[in-house]
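Structures given as structure tokens follow.
In the two assemblies presented below, subunit A is common to both, partnered first by subunit B and then by subunit C.
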Partner chain A sequence: MRVYFEFMKKAVKNSVAYRFNIWARMLGDLAFIIMWISVWAALYQGHSDMNGITMQNALLYVMITQLLISCNHAAYPIGRMEGLVREGRISSEILKPYDFITRCIAEDSGQIFSYFILSGFPVFMITFQFMNIGLPIGPLKVLLFIYSALCGCMIKYFIELSFGLLSLWFIQTRIQPIFSFTISLFSGAAVPLWFFPDWLENIANVLPFKGIYFVPSAIFTGQLQGSQLQHELLVQGMWVVASFLLLRWMWATASKRVVVQGG
Partner chain B sequence: MALIEINDIHKEYVTYKQEKGFLNTFKGFFYREKQIKEAVKGISFQIEKGEMVGYIGPNGAGKSTTLKILSGILTPTSGEAHIAGIVPYQNRKQHAKKIGVVFGQRTQLWWDLPVIESFELMRYVYRIDEKTYRENMEIFTDLLELDQFSSRPVRQLSLGQRMRADIALSLLHNPDILFLDEPTIGLDVVAKQKIREFIKQINLKRQVTVILTTHDMGDIESLCNRVILIDDGLVQFDGEIEKFRHTYGKERCLVVETKEPEDIDRLVLDHGQITKREGNRIWIHFDRDQVSPTQLIPHITSQIEVVDLTIEEPSIEGIVSRVYQDKTKN
Partner chain C sequence: MYIKLLQLQLKTLLEYRFAFFSQVLGIFIGYISTVIVYWLMFLRFDELNGWTFKETMYVYAFAALTINIAAIFFNHFKTMDQEIINGTFDKYLIRPHNVFFSYLISKFDVAEFANLFLSIAVLIYVIDVNHIHFTAVKIVFLFLGIIGAVLVNAGSLVLIGAVSFWTLKSESLYDTILWPAQFLSYLPMGIFPKIIQVLFTFVLPFAFISYYPSTITLDKVNILSAPGLAYSSIGIGIIFFLISLSVWNSGLKKYNGTGS
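So, the complex of A and B:
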């Protein structure tokens, strides 16, 4: 286990190697939050609520989702896999006496952690203070939110890394654009599922992606409660297990058929 | 039993034919013609503990494929490989602890972190105990002057320093076997010397078996006592370096300096060929099997007045380039 912890530490060190990178990230995070707040504020002009969602709730949703997005985007497993395959470095990974998947998870969680501390969280706190919106949930719900956000993070990561492994079959894939679009639509990253037309919401409900941003953010805004909350957390937990099994299965198959590029 | 034993290894790659032309590109989307390329066509050899073997051959001969099979990355289509009793591609992790691998064109170091961080990390990856770690770091500092650049980020290192760090890193866990794929590629003369000296020392002190592919025959000459030449997926030669020279290096070169440059025009040879002429000096290449120098020299001195004579042994570089060229001609 120690080795994976060391990978996590190295990733933290690595992500602060370029200080400019951190500043650029903070500015980016801030710009996105401000942009989305402005968009929703404009949409709500003259209305106190839409579909039963108050403007305050919508703004809070946007802010917390942006924090989660900032953390989730700190890791880029598809790009990592494509790079490893393209440059042939996957071969030395296979030769190391550790579990490759666990090592990826360790390294990327280190990166996510450092960006959360250095950029996502401070930016969120600044805007949260500035917007002067009170927290609608109690401490227990906050814990549930954190749990749900972590589950969401795992779902996204496991699915993305599984997709990344496809680059071992198709060496040039460029699947990233389709993939990001699907995720950002169905996860509720741009528009909360509350505002989806019924048919689209039905699709979103059977996909794993809403567990990434929508479920934790809905908990945070206090919209998910009671049996519905229990149901969503159960479904989310099932998707965590399912996506992890998918990842494991993909890697077991993939590592068997590694053909390293280059003579 | 030898440390490394491979027996009749074959490796086929399946590729798909890419046809030229605009329409064919679309055709290829629906239907692609399968092509099987046999990169290795039945290779066998044995290597004993402590040997340093140069594994040479032109580009695309099958060197890297063999190395990848030996290191456990690739599974052969048929044939067997045993390294210290283990089948590398079946027990990858177990095998991995006993080998060190350096691919000269790729680094295993963390690009943005100081060199020492990568070493610290490998210490945990291979579970190296404190004492071994410290001892090894001392050796690397002694032989490779690792301390001069260990606190610098890898991206700021020169290629020679990076290569030194990469080789040291691959030896940190005291492997029995070291696979080096072009370890001196792109390095200057001094950096090459340092790396060769280090590999030699490690081999002497620790009995590490070294298998080295390279296109620099200087590496072979200063390090290896044995060469395996592979081409077209087959072993063409396997033996001591002297035997290699003897088998392929039949050609010698006689450099003759005459008193008068015009004398050269009068010279008639029954054997050998004048390959170069510069002022009053000529270079005569001859086949050692057809004519011996003791026959050739009197033949020349009887015709013209000679001031100086030297016989040049063929360099490994020269021999290899001729062997490769002959192959491509066939």
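So, the complex of A and C:
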């Protein structure tokens, strides 16, 4: 356990070390938040609400989603795997006396945490104060939101790391743009699922990706309540387990493959 | 000589056909995904600050084309930091030509060039669906607008490269600042707060990548508080590019200083 904690600490130290990067990142986060706020505010001109979603709901949605996106993007498991395979370092990773997957998780959660503290959260708080939108939910819902956001983070990370492992079989970067766009579309990163046409929403409902951004952000805006909320949280939890099992299974298969090739 | 270099680039391309096709596919998916996101936004809402779906698509297509053209010639300025770190940049210093020119012609992005056909096709399609009535003046300013916008894009890539003379790490600057800023230029600038409009007009002239020139083509010059801006793309482009170039050159001088 201590080893993984050290990895996490090292990752935090690393991201704090490049102060210039932090400033650049904050500016980029701010630009995206302002962009989406402006877009939705402009779309809502002349509409008081759309499908029961008010402009305040939509603006709060994009702000909290941008915070989650900023944190989630702090880790880049696909690139990490691709680099390890390309440079051939993957084989030495297997020999080391720790579990490779847990090490990745420890390091990247350290990185995600430090970006949350250093960029995502302050940028969100500044815009939140500036926009003067009240928080529509109580402390219990805030806790549920945090739980849901963490689940979403895990779903995205496990799936992406599994996808990254594919590079042991073929050059998966070829299909990566399609993969990334699928995640971004069905997770509600750009447009919330509220505004999807029915057929597209039905597709989104059977995919794991809506748990990444849409579910936590919908909880944060107070749009998910009662039995619907319970249902979504349950489904999200199941996807966390499922994607973790997928990752474990892929890694078990992949590490065998590396050993066979190496021997 | 440039042609000769181009032939060499094409030859290496044939060696790495695979990487080439994935890059082209990536650019293509980029187009499709933006169109889908815009389509979803306009499915429920009919206007973006007075701009329809088709008009917003024009703003995007114009920006994408000019970003594309600039990328063909200047994309490698984004990764100049790698060359400096690896020491491969020094070879341009000993060439008999101007250093900037030597570096400029060292690479020609063939995937972006292939993508040019797609960008032009998309722009022509969007012009068609918008039923734009062209006059001689509009056509002249369309081309001047394209040149101006390409210069703004090229200038910003040169500027990103110039930063690597000082900090040695500029690619993250592209990812965190220039890329989001390019995103903003895909949209009608009028939706943004005044301060951003001023910033993107006079400091980093990204509003000239598409917004100002688009107002001429789409007969929307009257919505601007200063209509003259729409017609000054080319001038702004030249000025911005020259400023970026001189920043690059002064960075080079500093780099020479530490190198010896």
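Criterion: the second predicted complex is superposed on the first by the 253 of 263 C-alpha atoms of A that agree within 3 Å, B and C clash if a C-alpha of one lies under 4 Å from a C-alpha of the other, contacts with A are read in each partner's own complex, and residues count from 1 in each chain.
Here is the rule we use: a contact is a pair of C-beta atoms (placed from the backbone, for glycine too) under 8 Å apart; a residue touches a chain by one contact, two chains touch by 3 or more.
Owing to the predicted nature of the structure, the values given are computational and were not obtained by experimental measurement.
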In the overlay, answer first, second, both or neither for which of subunit B and subunit C A:14 touches. first
In this superposition, which partner touches a larger number of subunit A residues, subunit B or subunit C? C
After superposition on the shared chain, which partner residues are touched by A:3: those of subunit B (first), subunit C (second), both, or neither? first
Is A:92 touching anything from subunit B or subunit C once the two structures are fitted on A? First, second, both or neither. first
Considering only touches as defined above, state whether A:27 meets subunit B (first), subunit C (second), both or neither. second
According to the stated criteria, A:206 is in contact with first (subunit B), second (subunit C), both, or neither; which is it? neither
Once the shared chain is lined up, is A:185 touching subunit B (first), subunit C (second), both, or neither of them? second
The intersection of the subunit A residues contacting subunit B with those contacting subunit C is 18
Complex contact set, residues of subunit B against subunit A: 13, 59-60, 64-65, 68, 71-74, 92-93, 96-97, 99, 101, 103, 106, 108, 110, 112-113, 117, 120-121, 124-127, 153
Residues of subunit A touching subunit C in their complex? 18, 20-21, 24-25, 27-28, 31-32, 34-35, 38-39, 41-47, 50-51, 171, 173-174, 176-178, 181, 184-185, 190-191, 195-197, 200
Residue ranges of subunit C touching subunit A (in the complex, touch as defined): 18, 21-22, 25-26, 29-30, 32-33, 36-37, 40-41, 43-45, 47-49, 167, 169, 172-173, 175-177, 179-181, 183-184, 187, 191-193, 196
Using the touch definition up top, name the residues of subunit A that touch subunit B in the complex. 2-3, 6-7, 10, 13-14, 17-18, 87-89, 91-92, 94-98, 258-260, 262-263
